[in-house]
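Shared between the two complexes below is chain A, which pairs with chain B and chain C, respectively.
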Partner chain A sequence: MGIKWYRIVFKALGIALIAFIIFGPLSSLVLWSIAIKWYWPHVLPQEVGLAYWKQALGLQRDWAIAAVSIWDAFKASIIIACIATGITMIVSIPAAYALARLRLPLKVLFLLFFLMPKVFPQQPIFVNLLPIFTRWGLAGTVQGVILVHILVCLLFGVWISTSAFKAIPESLEEAARSVGATAWQTFWRILMPLAMPGLLVSAIFVLVTSLTEFTGTFFIGLPFVTTLPMLLYSASGYNMQFASVLAIVLLVPSLLLMVLTERIFRPEFLGAVGR
Partner chain B sequence: MLPFSKLMRNGQLVAKASLGGGASKLLPFLLLLPALVFIAVLYIYPLVRSIWGSFSVGAQSLSLGNYAKAWALYKKDIIFTIIVAVLGTILSVAVGLILACYVRLSISRASRFVNFVSRLTIFLPYVIVGQMMNSFLAPHGLLNVILANLGVVNLNNPLQFFNIRGLLLGFLWKEAPFIAFLTLSSLQVIDNSYLEAARSVGAKTRHIILYILIPMIKPAVAMAAVLTFCTIISTFTLPYMLVTESPTMVTVDIAHRVTYFRDYGVANALGVCLYLLAAPMAVYYLRRTVREEIYGY
Partner chain C sequence: MPEVKLVEVTKRYGKVTAVDGLTLTIEDQEMLTFLGPSGCGKTTTLRCIAGFVIPDSGQIFIGAQDVTRTPPEKRDIGFVFQNYALWPHMTVYQNIAFGLRLRKLPKQEIKNRVHEALNLVRLTGLEDRYPRQLSGGQQQRVALARALVLHPRVLLLDEPLSNLDAKLREEMRFEIRELQRQLKITAVYVTHDQSEALVLSDRIAVLNQGRIEQLGTPEEIYQRPVNKFIATFIGLCSFIECQVIEHESGHTLVQTEDGLNLYVKQTDVVPGQKVVLAIRPEAIKVSLQETQERINTFRGQIMRFAYLGENTDCWLKIGKWDLRVRFPAAQSLTPGQWVWIYLAPDKLIILPA
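Now for the complex of A and B:
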C-alpha cells in the first residue's frame, strides 16, 4: 500500500503546481487591481479597495488615484473591432465558400496566400506598413488601425469559415439540387443556415482578436489611436493597479470566447483555431 | 468531357453544386478577389518592400550594408532569440505533452480541471500575459514574496525574471496548454484497446506514454512544435513588456530601430533574419496544411 500513498501525494503535488503556475500570475493581477497599499514582504496587500476600479470605470474622480476613465478607449476599441469584424466577415465568407466548395485551379497558390501570414512573423510587415500608411495619410488614424486589424483577422475569418462550410456534408446540397433547387437557393436556404453557428464562431473569434490586438495598433495607431490594449501598455510600466484593472477588463472578451467555443464549437472547427 | 479519374475523389463521384452553370469558371476567383486584394495590399506589398528595403542603403540598392550593421549591432540578440525559441519550444512541448497524456489517461475530476484551466490560457492575448508576468515576476512581485515567506529567497537579493527566465515562463504559460490542446484531439482518437493490451502485458504508465501515445501522435506534435517556434520568434508584445536587460528578442530591436532611429534598412535586415529563422518551420507547416486541404490527409 506504500506505493499508492506515495502516488497520491505525488499527483496532488503535481496538480497543485499546475494550479499555482496557471493561477499565480492571474491572482497577482486580481490582487494588484484591488490593492491600495501593498509593500513587500507582505504576501497580501495591506489595504484593499475598489478605488482604481471606480476611477477606471468613470464612477469617481480623485487626483490621488493614478487612473483615467477607460470609456474613451473602450469606445474606440469597440468601434474599431465591430467595423473590422464586419468587413473581415463580408470578405471572408465568399472566399471561404470558394475554398471549401468550388473547383479552383491554382488552389495551392491561394492556400499559400492565406496561410503565409500565420507562420511568418507579422511584426516586420506592420513596421513596413507604417511608411506606406503615412504616404496614404492613414498612419495614426482609426481607418489605418481598422485596416491593420483586418489583416490580422482575415486569416481566422477565412480559415474558421472554411471549416464551417466543410463540416456540412455535400450530400445535403446535392439532395436539394436534385429536387430542383437552383444553386443560389441551395446556398441561401441549405448551406447558410447550417453553416451559421460556425460562421458565428468565426465572427466572435475575429471580434475578440481585434479587441485584443496589440502589435499592429502599436505601430500604426500610436500615439493618436488609443484602444484598450494601448492604454494597458501605456500604464504597464509604472502603474501596477491601473494596468491590472485594464488587463482584467480585457480578459472578459477572451473568457467569453472560451465559454462560447465550449458551447458551440464542434470538433471540426477546433483544428482551425490552432492554425 | 473530363476523364473519369478527375470526377472521382476518395472513391466518390464529385458532383459540384456550382453557382450559375456556364459562368462558373470565373466565380471562384470573383469570390476570392476581395480577400486576395486585402492580403496583396496589406501583406504581400509590405513583405516585398521589407525584403527589398533590407538590401538598399541610401540610394544604393543591392548592398549588404544593412546586414553587416545588423550583425555587428545585434549579433547577441539574434543568438538570444534562437536560444529562447529553441528552449521555449522544447519546454512547451514537454509540459504540453505531459498535460495532454495526463488528461487522456485519467478520467477524474482533477484531469477535467486541468483540461479546463489550460483552455483558459489559450484565449488570453500576449498583452495580458505580459502585464501578468510583469506583476507576478517583479523583483518584489508575488512570486518572490511567496518564495521569501517560504524561506527560499532573500528579498534583498530577489530572483530576477525580466530576462530569459521570465520570457521562457511567459511563453511556457501560454504555449504549453496550446500544445496540450492541439495534441489532445489526436490522443482522444487512439483506441483504448492499444492501452489495455499494453497494460495487460505489464506496461507502466510512463511506458504507455513514451512507447504508444507519443509515437502515435508524432505528426500532431511536430505541427504543434513548429507553430510554437514560429509564435515565439514573432512575438513582440511579451519581450517588449517584460525584458529590461540587454540581450532581448529581435522583434524588440526592430521596433527600436524604427521608433528611435527611423532606420528601416537595419530593421528590415533584422526582419529578413526572422523570416529566414521561420522559413524551415513555415515550409513544413505550409506543405502539410496544403496537402491536408487538397488531398485530405
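Now for the complex of A and C:
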C-alpha cells in the first residue's frame, strides 16, 4: 500500500514538472500579451486588457500603445512561406528520388551540400550573400527573401524526402514494372502515394522553417521586406507586450502543423508506408 | 519453340562476376530451377531475364524477340518476389487488377479475370483486404495471382517460399507446381533449397560462381552428379579418394591409399586415374552380421548418430574414411560399435578428383 501511495505522488510530481516546463513559458507569454501595466515586484500584472491584441490585429489605432498592425507582416510571411515551400518541394522531390534510388557517384557529398547552410555560422553566410544578392538586384525584395528561405529549407526538403523514398522497398517498384507499368506510371501510382506521408512531413518542416526563418530574412530582406519574425525582433527589445502577442501568433501555425505531423505519423499510416 | 534463351550472359558488380558467360535454353511450358548457394548468381540471372538488371554482355531472348535491352514492362513476364512486394496502399483486388487496368481493359473483363485469378490461388472472398491483413502465405498467393492474371509468357519466381514457415513452404511447393502444369506456363524458379528444386523442377540448373555446374532433370542431378560440388549440394553424400586400378568383368576396381579395394559398375575411367568415389546413403548397407556379398564389404565402426524421427542419421568410419548413412530408426546402436558395411557397386559414383 505504502509503495503505491509514493508512486502516485511521484507520478503527479513528474507530470506537474513536465507541465511546468511546457506551459510555464507559454503562460508567461499569455500573461505578458494581456498586461497593460506590470511592474516589479508584483507577481501578476496590475492591469490587464486586450489593447495590445486589438492594436496588433488592426482593430484599434492608439498612438499611446506601442504596437503596429501585424497583418502586412503576417501576409508577407504566409505568402513567402507558401511559395518557398512549393518551390523547395518541387526541387526536393526529384532530387530526393535520385538520391534514394539511383547509384550516383558523390552521393554523400551531394547530401552534405544541402547541409552546408546549416553547419556554418549563419551570419557570415548571409552577410556574404548580401553583396551577391545586391548585384543581382534581389536584396530587399520578396523574391530575394524567398530565395534565401529556399536555401535554408532545402536541407529539410531533400533529407526528409530522401528517407521517405528510401523507406519504400525497391521490389514494390519492380513489381509494378513487371506487370507493365512504365517508370513514369510507377513513380506516380506506386511511389508517390507510398511516399506521400513522408513528403507531407517534409513539406511541413519546410513551411515551419520558412515561417520562422530569421537570419536570412534579416540580412537580405530588411528594411523592405518585413515578416513576422522581423516584427518580433524589433519589438522584443523594448516592448514585452507586443513581442508576446507576436510570439503567440507565430506559435499558432507551428502548433497546428505539429498536430498535423503527428496525425500523419500515426502508426497505421506508417504501417502503410511499406515495411 | 524455346521460350527463354540466354546467350553468353555476363554481369559484373565491380570486381565480382555475378553471372559468367551463362548460356541456357528454357523450353516452352518447362519449369526450370536455378539452384545454388547464396552469391552463385541465380537471382542476378533471374533479374536479367526480368529486365531489372541489364547484363554487361550477352543476349536474352523471350520467344523470338531479343529483349536484352527491353525494359521490364515490355517483356511480358510475371515476377514473384521473396518479400511478396504487394503494394500496401492497395487492396488485394487493386493489387491484382493493377496490371489489367494499365492495359485499359474493360471493367467487366478486369473483374472476371481478377476473380478467376483469386479462385486459382484459392483466395476468393479476400478482395477487399489490405496486404497487411493477410498472412505471409496468403500474401504470396496474392503475389502469384497478380503475376498470373496477365497470362505472362514467362513466370519468374525469386525464392518465393523462403519467407514462409517450413510446413507451409512444403505445401506451397506442390501448389505452385500444380498451377504451373495446369496453366502450361513457362517458369523459372530460383531457390537455394535443394528439396524445393527436386520437387518443383522439370530441369535444374545448379549454379556456382556465376556458371552452370550441371543442367539436368532432378533424377540426373541426384543420381549422376558431375562433380563433388553438385554431389555435396544435392542430397547427402560421402567421398572416398582413390585410384583406378583396372577394369574387371564389367566393373572398375579402385583402391584407396590405405588399401581398400572397391568395385564400381561405372567404367568410363582409365587405370591410373585419380578419382573421388561419391557415396549416397542408399548405396550403403549396414548390418550387424557378416553379409553374403563377396565384394565391397568392410568392417566399420559407428562414430555417432542422430535420431531424426522416421530414421537415424549415422556417421560411420571405414579405415580413415567417413561415411554418412541413414537407416530406419528402430535399430539399436551404440557409438563405437563394429558393423559390416556393404557398398553397392551399381550405386557408387566416380567423380573427377
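Keep in mind that, in the parts below, the second predicted complex is superposed on the first by the 241 of 275 C-alpha atoms of A that agree within 3 Å, B and C clash if a C-alpha of one lies under 4 Å from a C-alpha of the other, contacts with A are read in each partner's own complex, and residues count from 1 in each chain.
Keep in mind that, in the parts below, a residue touches a chain if its C-beta (ideal position, glycine included) is under 8 Å from a C-beta of that chain, and two chains touch if they have at least 3 such contacts.
Since the model is a prediction, treat every value here as computed from it, not as a measurement.
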| item | value |
| --- | --- |
| Partner chain in contact with A:Q185 - chain B first, chain C second, else both or neither | second |
| Chain B versus chain C as contact partner of A:L194, first or second or both or neither | second |
| Partner chain in contact with A:Y97 - chain B first, chain C second, else both or neither | first |
| Dominant toucher of chain A (residue count), chain B or chain C | B |
| Partner chain in contact with A:R177 - chain B first, chain C second, else both or neither | both |
| Which superposed partner A:G221 touches (first chain B, second chain C, both, neither) | neither |
| Which of chain B and chain C A:L154 touches, first, second, both or neither | first |
| Contacts of A:P169 with chain B and chain C, given as first, second, both or neither | second |
| Common interface positions of chain A, toward chain B and toward chain C | 174, 177, 183, 271, 274-275 |
| Interfacial residue positions of chain C with respect to chain A in the complex | 50-52, 71-73, 77-79, 81, 83, 85-89, 98-99, 102-103, 130, 132, 143, 146-147, 150, 156 |
| Residues of chain A touching chain C in the complex | 169, 171-172, 174-183, 185, 189-190, 193-194, 271-275 |
| Chain B to chain A touching residues, read off their complex | 15-20, 24, 27-29, 31-32, 34-36, 38-39, 42-47, 49-50, 53, 99, 110, 113-114, 117-137, 140-146, 148-149, 155, 173, 178, 181-182, 185, 224, 226-227, 230, 233-234, 236-237, 241, 251, 254-255, 258, 264, 267-268, 270-272, 274-275, 278, 281-282, 285-286, 289-290, 293-294 |
| Contact set on chain A toward chain B in their complex | 11, 15, 18-19, 21-29, 31-32, 40-43, 90-92, 94-95, 97-99, 101-104, 107-108, 110-132, 147-148, 150-151, 154, 158, 170, 173-174, 177, 183-184, 186-187, 208, 212-215, 218-219, 229, 232-233, 236, 240, 243-244, 246-247, 250-251, 254-255, 257-258, 261-262, 267, 270-271, 274-275 |
